[in-house]
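This report concerns only the one structure given below.
Each chain carries a letter (A, B, C, D, E and F) given by its place in the written order, and its residues are counted from 1.
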Amino acid sequence: MAPATRLHILTPEAIEKLRSVTTATLTSQLLKRGFRNTFISGLTPLRPDLRMVGYAFTLRYVPAREDVGFYVDYDNATNVQRLAVEGVGPEDVLVIDARSEVRGASFGHIIATRIMRRGAAGLVTDGGLRDSPRFRLLDLPTYFRGPHAATSSVIHHPVDMNVPIGCGGVLVMPGDVVMGDAEGVVIVPATVAEEVAHEADEQEKTEEYIVQRIQAGESIRGIYPLNEQHRSEYEAWRAQHRRKGKP
Amino acid sequence: MAPATRLHILTPEAIEKLRSVTTATLTSQLLKRGFRNTFISGLTPLRPDLRMVGYAFTLRYVPAREDVGFYVDYDNATNVQRLAVEGVGPEDVLVIDARSEVRGASFGHIIATRIMRRGAAGLVTDGGLRDSPRFRLLDLPTYFRGPHAATSSVIHHPVDMNVPIGCGGVLVMPGDVVMGDAEGVVIVPATVAEEVAHEADEQEKTEEYIVQRIQAGESIRGIYPLNEQHRSEYEAWRAQHRRKGKP
Amino acid sequence: MAPATRLHILTPEAIEKLRSVTTATLTSQLLKRGFRNTFISGLTPLRPDLRMVGYAFTLRYVPAREDVGFYVDYDNATNVQRLAVEGVGPEDVLVIDARSEVRGASFGHIIATRIMRRGAAGLVTDGGLRDSPRFRLLDLPTYFRGPHAATSSVIHHPVDMNVPIGCGGVLVMPGDVVMGDAEGVVIVPATVAEEVAHEADEQEKTEEYIVQRIQAGESIRGIYPLNEQHRSEYEAWRAQHRRKGKP
Amino acid sequence: MAPATRLHILTPEAIEKLRSVTTATLTSQLLKRGFRNTFISGLTPLRPDLRMVGYAFTLRYVPAREDVGFYVDYDNATNVQRLAVEGVGPEDVLVIDARSEVRGASFGHIIATRIMRRGAAGLVTDGGLRDSPRFRLLDLPTYFRGPHAATSSVIHHPVDMNVPIGCGGVLVMPGDVVMGDAEGVVIVPATVAEEVAHEADEQEKTEEYIVQRIQAGESIRGIYPLNEQHRSEYEAWRAQHRRKGKP
Amino acid sequence: MAPATRLHILTPEAIEKLRSVTTATLTSQLLKRGFRNTFISGLTPLRPDLRMVGYAFTLRYVPAREDVGFYVDYDNATNVQRLAVEGVGPEDVLVIDARSEVRGASFGHIIATRIMRRGAAGLVTDGGLRDSPRFRLLDLPTYFRGPHAATSSVIHHPVDMNVPIGCGGVLVMPGDVVMGDAEGVVIVPATVAEEVAHEADEQEKTEEYIVQRIQAGESIRGIYPLNEQHRSEYEAWRAQHRRKGKP
Amino acid sequence: MAPATRLHILTPEAIEKLRSVTTATLTSQLLKRGFRNTFISGLTPLRPDLRMVGYAFTLRYVPAREDVGFYVDYDNATNVQRLAVEGVGPEDVLVIDARSEVRGASFGHIIATRIMRRGAAGLVTDGGLRDSPRFRLLDLPTYFRGPHAATSSVIHHPVDMNVPIGCGGVLVMPGDVVMGDAEGVVIVPATVAEEVAHEADEQEKTEEYIVQRIQAGESIRGIYPLNEQHRSEYEAWRAQHRRKGKP
């Protein structure tokens, strides 16, 4: 039961940039570095209006069995889920490996309220959530596979925290950077997160220019991707932009 | 083709309470009584703003075949779907066993308008619905698996009503209590529904208190679940609450 | 790489009517003509507030392989996706056979902006879309299976355009009429589209009358479907309606 | 709980022919008569060496619930499964609608031994079977979706017999003719079974001739299907065959 | 990386009995003790002619990522899969949590040969196996979900051993008793395994008698389950049996 | 309707080697060259006793529609399936993109007999086959997803041949090398097939040695993979082997 580890801490600038770029841009940057499988498919945001940036605090569930913590009143001193709830800290994103199981919940809104109060940056599960309508009222970026009213213990229960897990078919290492927007969640390996944040921001500036040109009626030929001629035009636009005090 | 049976009729107080509690609370109460599988997974509410409380009026579909009521103009005198439509009465929730089939609809908005006029309390299907955008305008709590524009008869058709069915993997007996909120639908076995309604209401009062404490910054330790000390604090809060005329 | 073919061009009246009827009505008309499988299941509209009417411009994807256009910077002169983007014209609906694959995107919002500028009437894919939140801001009727931030090239890439394809299990021939509303997308075979448009409009007028009667509290017996007596009442209502200058 | 009904009884000749033709040929004949969906997908024969011909005796399962015949010692006087076991007679094929559920068994080898002794012609379930290795030693044609050691009662239980059911997505009416070979199971609607049996036999004779020609090295052109010239050659071959005393 | 733990060691008599009873009987005994979910669905035996009895040695896989042990030449000193291979001992059954993933292998026949030489009692995975045809020649009871020729590292890799895992939706604790026959695999919780082994043997003797009676043509009424009269007949038969020296 | 193209022709030595190595070894060699997705999951061999080596001749199916070649007597002069049957030549493997659809067949045994007579090296489909029991008697290596008695035309029909296709999620280019054994089918990109064949053979010789050592009781440490010391021992063994006239 190791605490969350953060081998790499992002600079405030990188965090700022991660708050503005999209998961789409991040996966492009990760693909350039050889990472093919970093976006978690099949999740729905319960607060699509919020951005999520934080470090992975992982929680692993296994199938339930009648002799293993089944039907018990939760003992907050030993129950792994409860230890995790009181272990999560500021900037942590609690990421749950619920084995993509949606025939039961994997978390509820009362303990979610608690991790929010503890400073958690978000909640991600590849399983179900109960009281999901109330999650829509909670100021915590939350992603799940689907609603389920039933408490989880009949279906599965947590046994480990801060170990490598799979979430929706994607590897999550404790301390990885977790970013979410209205599209979904991307896991950014900690070792490349700082660099990726900065280059993603650059990429988005270029794409902003490209979209403007295309909205103005131009063909994608030469524009997307930029050929040499258009790249120098873009550089000029970018420079001018900067002079106006824009980032 | 038996009419809907209602072996157990809820008191007005129980109905009132069922209108305010959540499906999450109900499944907790049912689990305490040994019922593990009462929430129907995978359904979407078309009117998440409405609560649904009523008694199950069941309808069972089988796969279509070209010699069995296929392509026919519906004969309202013999067609089981149409008999059901004119058989549903006040407080009935029409629950359809569509075999979780979404490659066709299992009900449409015209006949749904009719059951609403007949006083139906809701509509639940584990299959498709057609004209689903119009269902969003109908004052009838409705739950389905997904939209499908095609009339059902090519895929399946009803053969039975008010028999035990499965809906989304959950048993539904005619006369069971059916409750729905924005999370989904729970089937409350008729024999325990009255008792469950009252205890669910109690549970929600306790949880309201717990959430207040957690929102105020307290740990879940001792609070969720309440230990002895906090339980007496809660009882005091509850008593005070009652003096203020709150339920 | 044939251009889009349009063997049958709809009259302006038919297009007008297709803009007002529902996919539900169209599938009924198609079923009457023997077409059982024309509605694409499992898609979500990103702009449910818009209607889509156009002709199918098809694009076919195959699984990716590391030696076939993998990881390349897109060459707009030879890449099939890019040729399609600059080949789509007014009233075309780009329909993508993405093999129902949602572990990657099949299109993104920059090139979608371009086809919108070229006059495209819509975009339909049985796969993923990236930058899906931005699609909600684009004035282009768009239907997809789910969001995915990752560029498609790791998973699949287009090899053909304007060939017969399957989309969500439904045949789409280049030039077929494609209609979409908030329920989903229906493929209307080009040979029957004109006729279907007119009869769908008639059907909806009848159903409008039926719904009024049912909302007024009448039984479906004799009304839905109309028996002879009610049909003549309907004809009278219809005639009166027309005199008031309604269509 | 009606007994099995047999509206149409096959002649001994038809039964004889059904024992020799394949499910492939039967579906062709059924398709000619407009029946598109008669073969049950996804089943495995436990005795692929045996042919099955009989009349459908149906049994319908619903999901289990803790208050409905759960965990009980089977009461053979009231339990529907046991009533069915002692209700099945000679030439009956017991066809189970297990809702395609494979997370539990729907029948076991002890009661299967009993229906074999009662003269049953076969057993078909779209769910699981327990003690499946022993079924391989039983002289009863049996088809299932997969093995599962667990008794069914935790997952589902039977509530009805000899009602219309779905089995693997195919309609089965009590009294329908059920035919099985090593490929799987086809449901032949009772009204057309006699005719289909005879024409299927004819079709197989033609195909036997076609296969001989193709094995001899001829093209399928003109042979499959037979054009006029080859049809007359076939008729001659057929006549000669008959003279030799072959059927 | 704890070694395999065996909190409960079976007596030789229990092991002997587990080698002769079926998984079907074991799940019945487990259900009597409240365990509803102990049989792993969806696995195929590669050696259905062999019985498997041993203690669970667990191995947990997570999804692959390009920066985590991807494409590496296996280092036998640190790679978890290789440590497990050389950690497995006599009577261990290696049980792999491969997340039910069949798009890659989770084990191959060379390392399987090694664990067989080390005395392993079997191999169970809810994922793929490569070189599966060779497994059919190996004297090691093996269960898998399906064949896949590709080495696992592209899809997933092991991170943990001898931790609680899920395998095909069933909880497996290190040291649990694992039994397999031609039907599949059942996980017997260590605490009840001794008792279950003995009672399963008793149950099978009763069922042997029941089957004999049913094969002789008797009804299941009174026989299955045995009523009082038949139970005393059975006891007599059993006693006589024992006198003949049978167990 | 281009004929099959073969950009790369294998040497007889390479073909000989492909006939003896396994799909497992081939995927290892392909992975070394960066190809991650070349094995087709989910297929079953109907003749697991035969090896298959040939060049891909592709055939593409789309969903059926009532106005497009539906219910027709096959016209061998224009029907794409029939043109393919008479277009397949020696060493061709007919590979069908049936969209992984198993609710109908995609090929039958009569036309399979014809392609065998024309010299085809095998048949691979990611869909169904009808008359599948007869395929087990045909001397043609055949792989399919499952049996289905129904002729394909109700579900889908072929529109293209010798175009790039997906088969079971794997890209198949016309002219790619297709190899099958009892495990399944691997698609070897034409450009690397010659080289891969030779190196796969080398790999298998090494593995033969490794397996011998492991069977003799040695640890995998140092042996699998071979460290420097054991590699030189292997080289000596290999040289000795060659002197004995083995390859």
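Basically, a contact is a pair of C-beta atoms (placed from the backbone, for glycine too) under 8 Å apart; a residue touches a chain by one contact, two chains touch by 3 or more.
Just so it is clear, the model here is predicted, and its values are computed rather than measured.
Any chain that touches chain C and also touches chain D is listed here: B, F.
Chain pair A-B has a twin interface among C-F, B-C or B-D; that twin, with over half of the contact pairs alike by residue number, is B-C.
Comparing the contact residues of chain B and chain C by number shows a mostly separate set, under half of all numbers used being common to the two copies. The distance from the centre of chain E to the centre of chain F, each centre being the mean of the chain's C-alpha atoms, comes to 33 Å.
Averaged Cα coordinates give chain A a centre that lies 38 Å from the centre of chain E.
In chain E, 36, 38, 169 are the positions where the chain touches two or more neighbouring chains simultaneously. Taken as a graph of touching chains, this assembly has some other topology, since it is neither a line, a ring, a star nor fully connected. Looking at which chains touch one another, you get A-B, A-C, A-E, B-C, B-D, C-F, D-E, D-F, E-F.
Across the interface of their complex, chain E is touched by residues 22-24, 26-28, 31, 36, 38-39, 41-42, 48, 169, 181-184, 186, 207, 210-211, 214-215, 217, 219-222, 224-225 of chain F. Residues 71, 73-74, 76-77, 82, 85-86, 102-103, 105, 108, 110-111, 113-114, 117, 128, 130-133, 146-151, 154 of chain D touch chain E in their complex.
The part of chain D that touches chain B in the complex is made up of residues 34-38, 62-68, 99, 156, 159-160, 163-166, 169-171, 173, 189, 191-192.
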